[in-house]
Amino acid sequence: MSRIRVDVRLKRDGFVLDCDLDIPEQGVTAILGPSGSGKTTLLRVIAGLETPDQGSITVGDKVWVNTGNRKFLSSQKRKVGMVFQDYALFEHLTVAQNIGYGLPRRQRGQLVDKWINRLHLESLEGRYPHELSGGQKQRVALARALATEPDILLLDEPFSAVDVSLREKLRRQLQEIVKTLEQPVLIVTHDLEEVHHLADRIGVMVDGRLSRIGQSNNVFDDPGNYEVAKILGWRNFLPVKSITSTAVTGAWGELSLEQAIPVDTDWLSIRPYHIRLTTEEPGGLCTEVVHVRELGAVREMECRLRDGTRLVMQSSWHEPLPAPGSQVWLKLPLQHIQVLCDSPLVQIRQSGNTTARLADRSVDQFTRGKRVVPMEKQS
Amino acid sequence: MIEVANDNILDLAPVWLSLKLSAVTVVILLIVGLPMAWWLAFTRSRLKVTIEAVTALPLVLPPTVLGFYLLVFMGPNGPAGQLWHVLAGHSLAFSFTGLVIASCLYSLPFVVQPLQAAFESLDRKAVEAAWTLGASMVRTFVTIVLPQIRRGLLIAIVLGFAHTMGEFGVVLMVGGNIPGETQVVSIAIYEQVEMLNYQSAEKLSAGLLVFSFLILLLVYSINRQWGRGLKA
Amino acid sequence: MIEVANDNILDLAPVWLSLKLSAVTVVILLIVGLPMAWWLAFTRSRLKVTIEAVTALPLVLPPTVLGFYLLVFMGPNGPAGQLWHVLAGHSLAFSFTGLVIASCLYSLPFVVQPLQAAFESLDRKAVEAAWTLGASMVRTFVTIVLPQIRRGLLIAIVLGFAHTMGEFGVVLMVGGNIPGETQVVSIAIYEQVEMLNYQSAEKLSAGLLVFSFLILLLVYSINRQWGRGLKA
Amino acid sequence: MSRIRVDVRLKRDGFVLDCDLDIPEQGVTAILGPSGSGKTTLLRVIAGLETPDQGSITVGDKVWVNTGNRKFLSSQKRKVGMVFQDYALFEHLTVAQNIGYGLPRRQRGQLVDKWINRLHLESLEGRYPHELSGGQKQRVALARALATEPDILLLDEPFSAVDVSLREKLRRQLQEIVKTLEQPVLIVTHDLEEVHHLADRIGVMVDGRLSRIGQSNNVFDDPGNYEVAKILGWRNFLPVKSITSTAVTGAWGELSLEQAIPVDTDWLSIRPYHIRLTTEEPGGLCTEVVHVRELGAVREMECRLRDGTRLVMQSSWHEPLPAPGSQVWLKLPLQHIQVLCDSPLVQIRQSGNTTARLADRSVDQFTRGKRVVPMEKQS
């Protein structure tokens, strides 16, 4: 399969998509972002259902779009497999007819059988879409898209049409299918959990722009800026007021550091399960317990700092936690503290001005969001 | 101008003429109406509202007004009338061809509006899915769009046909009342009544009433079975 | 039966008569149509399809058929005509009252169908929410339902009014052509044309054409601004 | 406030609701169940929006419904506050007008102000619903329902209309509001997480019937039967083939017990975080690791037993876990194993036959689902 390069700009009633994305030959790339950030538009542009104002899409050495020489390959001629948000099955056709729709007549029977087997749809061939469960519909939509052997598989919010209680199961099914594919997969979603274990690479989209893209673990561990961290589900944010060579101060208190941090750091952050209870000592933060919740294997405690900022810590279900209302000292281990700046998109990229791209900052070698001190890879 | 066919025996020629007129009109209107409805359903053009209003005009315009303009346009001194006279050797007004033109204009909204509604409620995702699967425009239309708009199509055909059957004002002005050529059934009834020939009028009226009612019953039943209201 | 008003000066009396007829008809149709549309929108009765078909009948029935039956019903020998003669001292046919009755029947679907569509797309949850908050049926209707159906209501009023303005076949048969009493504008045009008095016909036609077009433009613009298509 | 007693039956195109429910004077009762199980219909019956075929609803000494003497109080005359699934705000009225809609004119201004303050809607009074966020809409709907001082507050799927990312925050907001209320609250949902920390009492609805109802902790810990346990998110189920006085056997292996368990036990179950890794020893189960996932503070391992049954175990993020493919022995601590039978609803209750109620089995003193040996209350 081929490497896919997407570099498009599109403006529509005030909404701007401005996206520069490289999709490797194989593996799952997930685009994460809040609703309305332009994720679905990106998919539609790649599928040929929207025309970009400017830019190009190339698949290997084939050019799908190049606004420079007015080349625009129609959706029919691109080899894309698209799974729509609500699956968009043909309601008046059976499962087998749906899967066979995009296939040349001679090979149809044989290929349909192959994909019916591969996606465990035996015994459902003759059913109509309205007779299927959400999970079955998804598998049919996948089979239909994959049967044409596309250059890329596009998935639009694959679980939004499914009950919460079924998502876990579907996620695993999808994972099993997707891992065996030869072609690259691009998933668009606003649901963190979906991508956490499905995606090899993650891109975070904010207001039509890719703020951050990289290997899944890297992105999750080093979001770089506050906006992206929030989208990735980070929860503890301490606003920074001043930075000296050894300490960071905010309305919430002070933390001493072992190593200098970038001067334009706007936020400190730490994962809930990295925070520890401690007795009063230098480096601890004085807090009041607001809330304790049990979440199965995990117990979660919400604390209020002196300026009202809240910190959430998590511990194992068998460790005791103080009662709400009591005063506790929290230790934020320095090696787990991460620094974030405000959104890097302060400078709006001029359409067409490709020299001073902010997107260049959003590759894996992102210079922000490194941990304060080096540490061995946790996991 | 009103020529009198004076017989008490029920003359079925006007009925056949009406049926023929309706059939021809519906076929023409489908050919014109499908692309027009498609355009109206999906355009973002500013002209949309204006075109919609023009299309709906026969719904509210007095048939005599429409008839008057058609008469002027198609009459011996009108541009179309003169052209037609050169080509065909006779006047366009007071001919079957003239009736067809008038009927098409008069029944246009009854065909275009249900089709437009059907196109607007089309599952566009399914159409796009067909495209991404490589289906051509024609194949997509036949295999994906047509099955979805079948209800709107049926309603358009039935309403267009029935409304042409019932046409009176325009026909009277444009077609006049020439037996065998332009005397359609609604005019025949009028003439019978004018001649105080109530028995003939009664028979024709009863037949048309039953016909119209059965057609509507069919439309609304199919409508209910296939989904939500006619509303088109 | 056709009485002739022979003057070349443009007589505006038919226009005022048409406006008066339309206004009276729309008021009556709203009073009748609102409960009827409500019932059609929410009933689960098996009669629904039949009542819908009867309501839509004037859409497809030739106006002469409707006119014929009304003439028989309201004429000097018909049940309504005889009763009316006893009460009012004159015939119901060929009177303004007769015209109003005929117009109400003829324009019924143009008022009921948009209202029915509006009721069907009503946000029922909001209505139920009003109930749980203790609002009476009347208060719920005025404060929650009316604001929601305003578009359908406007379309019903405009279409009902405009369609009554354009009525011809039924009026010709039931009302005849009595200046000041039943000579509405569509009939006046027909008469002018029959008398080859094209200039008068032209003026009246142009006025009505512009009037109809502006009304439709208004409807479709409001429609577009308030949400999705007329389709009602 | 008054105790509410609901005992209704209703049949509609094949769907049957048959529900017997007592709601205490105060506190939050949550009805949990899959979509289509009749939860919303139950709410609508209580609100007076559906008429039951048979049964009664009494609030304190007021009778709202009694089909015996054809009494049916209309929705308008019941004092219910209902928050609809999509909030059903009046789109053409402002926030203040929405909240004041159900109030007598003279007190309106004053009461609206009170509820606007109480639900933190200041500065939003003049806005229209379409200008509000999901969370603000929910607060307006709550204020509107509560302003009329209802005898009971009904909430229909309070979070289904909200993005997943906002649910956590809304849940906490709702919790704070609901805890201060004087009247009882009935929540209907299919989302486990919603109820876990919101509800004092939980009822589980399956196919129009309440299979289980009781105090929140009791129900979560002792679902009693397999169906309910699945709805409550339990994940490890071992089908039982035979039971002797000291051991339970299934195709998956054998577990020795210290105490007898009921003979009609159909399933053994254990929470993922109660399972421990162990070296080969009596009482351990031999498994193959299929999958290891990291879930933030928790690491989750999926293992396959010899008959293909899967077990999920969870451990803290800092404990090491074996790699997929390796063979491990799992210890299921006896005090944490719970027993379940198949659905207790084998005997279908005859409509009107109130003597042999299965619902009587579903009170707190449910005899099934106790732990095998007594243990100290795990916090």
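We call the chains A, B, C and D, going by the order they appear; numbering starts again at 1 in every chain.
Keep this in mind: contacts are C-beta pairs under 8 Å (C-beta built on N, C-alpha and C of every residue); 3 or more make two chains touch, one makes a residue touch a chain.
Just so it is clear, the model here is predicted, and its values are computed rather than measured.
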Min route length, chain touch network, subunit A to subunit C, equals 2
For the pair subunit B and subunit C, the C-alpha centroid-to-centroid distance in angstrom is 21
Chain-centre distance (mean CA atoms) for subunit B and subunit D, in whole Å, is 59
Distance in whole angstrom between the CA centres of subunit C and subunit D is 55
CA centroids of subunit A and subunit D: separation to the nearest Å works out as 30
In subunit B, the residues touching two or more other chains are none
Flagged in subunit A as touching 2+ other chains are none
Contact graph of the chains (line, ring, star, complete, other): ring
Seen from subunit B, its contact residues with subunit C in the complex are 1, 48-50, 52-54, 56-57, 59-65, 67-69, 71-72, 110, 113, 116-117, 120, 159, 162-163, 165-169, 172-173, 185-187, 189-190, 193-194, 198, 201-202, 204-205, 208-209, 212-213, 215-217, 219-221, 224, 228-232
Given the complex, residues on subunit A that touch subunit D span 34-35, 163-165, 190-192, 196-197, 231, 233, 271-273, 293-298, 314-317, 320, 379
Touching subunit B in the complex, subunit A uses residues 47-49, 74-78, 80-82, 84-86, 88-92, 101-102, 144-145, 148
In their shared complex, subunit A is touched by residues of subunit B numbered 123, 125-126, 128-136, 143-144, 147-148
